[in-house]
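Please see the structure below; I have some questions.
Should a chain be cited, it is by its letter among A, B, C and D, assigned in written order, with residues numbered from 1 in that chain.
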Amino acid sequence: MTEIVSLEELAARIPSGAKLALPADYAGVAMAATWPLIASGARGLHIVCVPTGGLQIDLLIGAGRVQVLETSAVTLGEAGGAPAFVRAVCEGGLELLDATCPAILSGLAAAQKGVPFMPMRGLIGSDLLRVRPDWRVTENPFEPGDEIVAIPAIRPDIALFHAAEADRDGNVWIGRRRELALMAYASATSFVTVERIRDASLLDDEVTAAGVLPALYVGAIAHAPNGAWPYGLWGEYPTDAAEIARYAEMARSEASFSAYLQRFTGTAAFA
Amino acid sequence: MTEIVSLEELAARIPSGAKLALPADYAGVAMAATWPLIASGARGLHIVCVPTGGLQIDLLIGAGRVQVLETSAVTLGEAGGAPAFVRAVCEGGLELLDATCPAILSGLAAAQKGVPFMPMRGLIGSDLLRVRPDWRVTENPFEPGDEIVAIPAIRPDIALFHAAEADRDGNVWIGRRRELALMAYASATSFVTVERIRDASLLDDEVTAAGVLPALYVGAIAHAPNGAWPYGLWGEYPTDAAEIARYAEMARSEASFSAYLQRFTGTAAFA
Amino acid sequence: MRPASDRERLIATVAELLAGVHHVAVGASSPIPAAGAMLRRAVDAKRGEAPVRISILGSARHNFFTNGSSELFDCAAQGRIDAFFLGGGQIDGQGDINLVGAGDYPRSAPRWPGSFGSGLLYYVVPRVILFREEHSPRVLVEKVDFISAAGASPPSVRRPGGPYALLTSLALFRFDKARRCFVLTGVAPGHDTDEVRDRTGFGFDVAEDLGPIPEPSPEALALIRDRVRGELAETYPQFAETLRDE
Amino acid sequence: MRPASDRERLIATVAELLAGVHHVAVGASSPIPAAGAMLRRAVDAKRGEAPVRISILGSARHNFFTNGSSELFDCAAQGRIDAFFLGGGQIDGQGDINLVGAGDYPRSAPRWPGSFGSGLLYYVVPRVILFREEHSPRVLVEKVDFISAAGASPPSVRRPGGPYALLTSLALFRFDKARRCFVLTGVAPGHDTDEVRDRTGFGFDVAEDLGPIPEPSPEALALIRDRVRGELAETYPQFAETLRDE
């Protein structure tokens, strides 16, 4: 059964050490849940970026919440590199699982299918393969000598994302952002923040049903209007590029990063 | 570029020997294209049922059009067994690739991902595995001794199905019948019959876009109102169970099967 | 209250077999399993427990899936489906099932529709209930002619699922995974163990606490005749109608 | 007509490199490749040829995908994408690219965002165009510090895709797959081969027909300044604006 809870309660259900799947900038980032998550004090998170990360990841890293980071990239887009990420990498403060987008998506697809791995073309000859001993070069059983990489299933504890709408049964409208469904299938449960909660079931109409992630996969929902801000939400509102640029500027030093965070979390130092 | 053509033209583009993916009864069967396909004289078809078959398959088999049949089941549902299928099996007139639904879906998913195979749980100890030497028991590269089956990619030449709506760009609304998208991704091209062709793009509105198979995968579209009949189409019209029962009765002998066919195709003997 | 019909007793037995289940999936043409699942849900709701989620393939109202045919199988492989029903043209004493046909493959006679999803679901769903109304040596055979899905697997195979029980109009068996055999736990009222032996083509054990399959409780019977029949009407209108006449 | 700016020449060169392509995908922050693809489409349309399909990641109008992030990669692996663009913090003479960082991994300094989709796309898209405006020994190195994706693969690896050309503000190279090296085919007007050698950290061959990178035709220039700039404005409003001022 999906529970409808407050943002704080939703964040409080993410324990230290959780393996957390988080979407890319354009896909519905649960920014409003980021502040209470940081305030809750959960540490040692294992973050899986699906398949890249931005502001949310950089905040969690800067606040010292991340132990393991699996990602294909971390960037603030137009605003440049992600300062806390770059700093943590240089200082060796992160267990880094560098990936490539389709490998993360393949690992999640393996979890979706309930199989231990998915084969994937590419990768051979790259240093990604060298630094990821958890990826294996294997032989195509249908063609001797044909080498292909096996990507192990990625099974996060929780997928956390933001979407436009949910109904009271816990169904979530994700539209064509189906990587959110992929994250949810692969994860033990999903926590979703939404712009609106509507009374009528999203499954009652075949047109809206086509864009629904069923409640079956959703553990908790929190109402969070404008909840992707400063990121935008497709079909709802654009990205606040000025705010992201402001963050990029402030995150360049640890002191001003802390000041930025404090504004949203109400508490002092985090690093 | 997607072309909008007549039903006859669409059927004429299916050559002898084509590997054809066809959907299950409930998912949008292009029945209206079946009659001109049989009339066109294409033979030696390799049919992949996604993942089961019914009336359409039985008609093609009875008309002598099918050489290879890959399926998890063929049945007329409430109307009972599929007479032409059962007759062909008993007479040894079909190359039968007996499967199980998730194996067919896994084979198509492998083609979707552009990989040579997908691993799948189950199957071990079954006779399906014995009669399908193209499926291989392989070892999970991440756990020595853990046996798992590798299902080779299924890459049909053409996916043929019926849907409610297409636009003039060739985008097709499939709603939550996403096995149709899977078929299309896996196939070299898709031929789609539709109830309606609309002028406005289905991609212009994010709500309808969520249920769209993009034109990218669609080679040809034909307008065929009531085109799934006697099968139903979700959200449009129900199955005509009486007609399917009538077929089940007539298909019990080759003579009355031919009479049934002649009514729709206008030509005489087929077997 | 009118006494329970045979089908009402089967429905109540299915509901008992589903005790503790969170998500049960039911095939498209399985009205008795569907009714049993609906009764389970109704009983749990009356007791204030979390209602079981029921996915009925082919039903509009009970279709929670939005990712096409793949989602049932993916969902089962993810461990999100606790119970499922399978039948079989033949079922043997090792729990192997045959949905393909009798005689020598591939020229089976009779040929049945095919294996459907059994090649995965039998292996990954923890509580598979084999349900077949006909109880005869023709169906319950010593060894199936074709194994659509195997009842048990060697230790090298990861297998969270498999047979849990076998229910017919005559008897109820549980499956002993360790010993790979069925154990008779209940006989339909008015029949006895000897008749079960005569009409079963495979050998089986007998439970120490063997007894008659219980009649549905008055509470269960009332729920079947009111709420469950109403819910069934959407997906199985004909079945719901005939159930009224019993 | 005002003469072509450097960026307009890059756009026209990209359009030439896309001749014969049916479907080109462009990354989210790649306005010059996107403009080149739009010019290709405009030129083909004027000639009555089938227009190239352009998928721009992050664009609403040029997003034909409805299956989330996976669809670009699936589509490429299916062989439905003919051309794509990649850059790199470092690109070396074997066509290896580095999007991860300089120095010893994992404590790279500087650290760049990461490999994005290169680990698959570089291997399966037949015509990958490496595009980097900066032409310096810092970017074009003898050997990259980290291989995000390899320029060539041993024969045991199925590889339909790989580098096709390398375009910078200074030069155009094609990639010789058999010999795993770049071949200089064009130099930007006002520059010469010696300067290319000085500013390139890796060795390269020189094409027999080496010449200046051609100026855009008047037809191409007119299309860039009218139709292409209008189309760009939806996805890259700032870029379209600055293009006007050149």
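Everything below uses one rule, namely that a contact is a pair of C-beta atoms (placed from the backbone, for glycine too) under 8 Å apart; a residue touches a chain by one contact, two chains touch by 3 or more.
The structure displayed is predicted, hence computed values, not measured ones.
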(request) Return the chains common to the contact lists of chain A and chain C. (result) B
(message) Based on mean C-alpha positions, I'd like to know which chain lies farthest from chain B.
(response) D
(message) Taking the mean of the C-alpha atoms as each chain's centre, how many Å separate chain C from chain D?
(response) 59
(request) Calculate how many whole Å lie between the centre of chain A and the centre of chain B, each centre taken as the average of the chain's C-alpha atoms. (result) 37
(request) Round to the nearest whole Å and give the separation of the Cα centres of chain A and chain D. (result) 29
(request) Indicate the residues of chain B shared as contacts by at least two other chains. (result) 109, 113-115, 120-121, 146, 148, 176, 181, 209-212, 234
(request) Mind pulling the residue numbers of chain D that touch at least two other chains? (result) 65-67, 77, 124
(request) Make each chain a node and each touching pair an edge, then name the shape: line, ring, star, complete, other. (result) other
(message) Following the definition at the start, I'd like every touching pair of chains, please.
(response) A-B, A-C, A-D, B-C, B-D
(message) List the residues on chain A that touch chain C in their complex, please.
(response) 1, 111-115, 181, 185, 203, 209-217
(request) Spell out the part of chain D that touches chain B in their complex, as residue ranges. (result) 23, 50, 53, 63-67, 74-80, 124
(request) Report the residues of chain B in contact with chain A in the complex, numbered from low to high. (result) 106, 109, 113-121, 136, 138, 140-143, 146, 148, 150, 152, 173-176, 206-212, 234-235
(request) Within their complex, state which residues of chain D touch chain A. (result) 28-29, 58, 60, 65-70, 73, 77, 99-101, 105-124, 146-150, 152-154, 156-158
(request) State the interface residues of chain B toward chain C in the complex, per the touch definition above. (result) 24, 26-27, 50-52, 71-75, 77-78, 81-82, 85-86, 89-92, 96, 98-103, 105, 109, 120-128, 131, 145-148, 176-182, 234
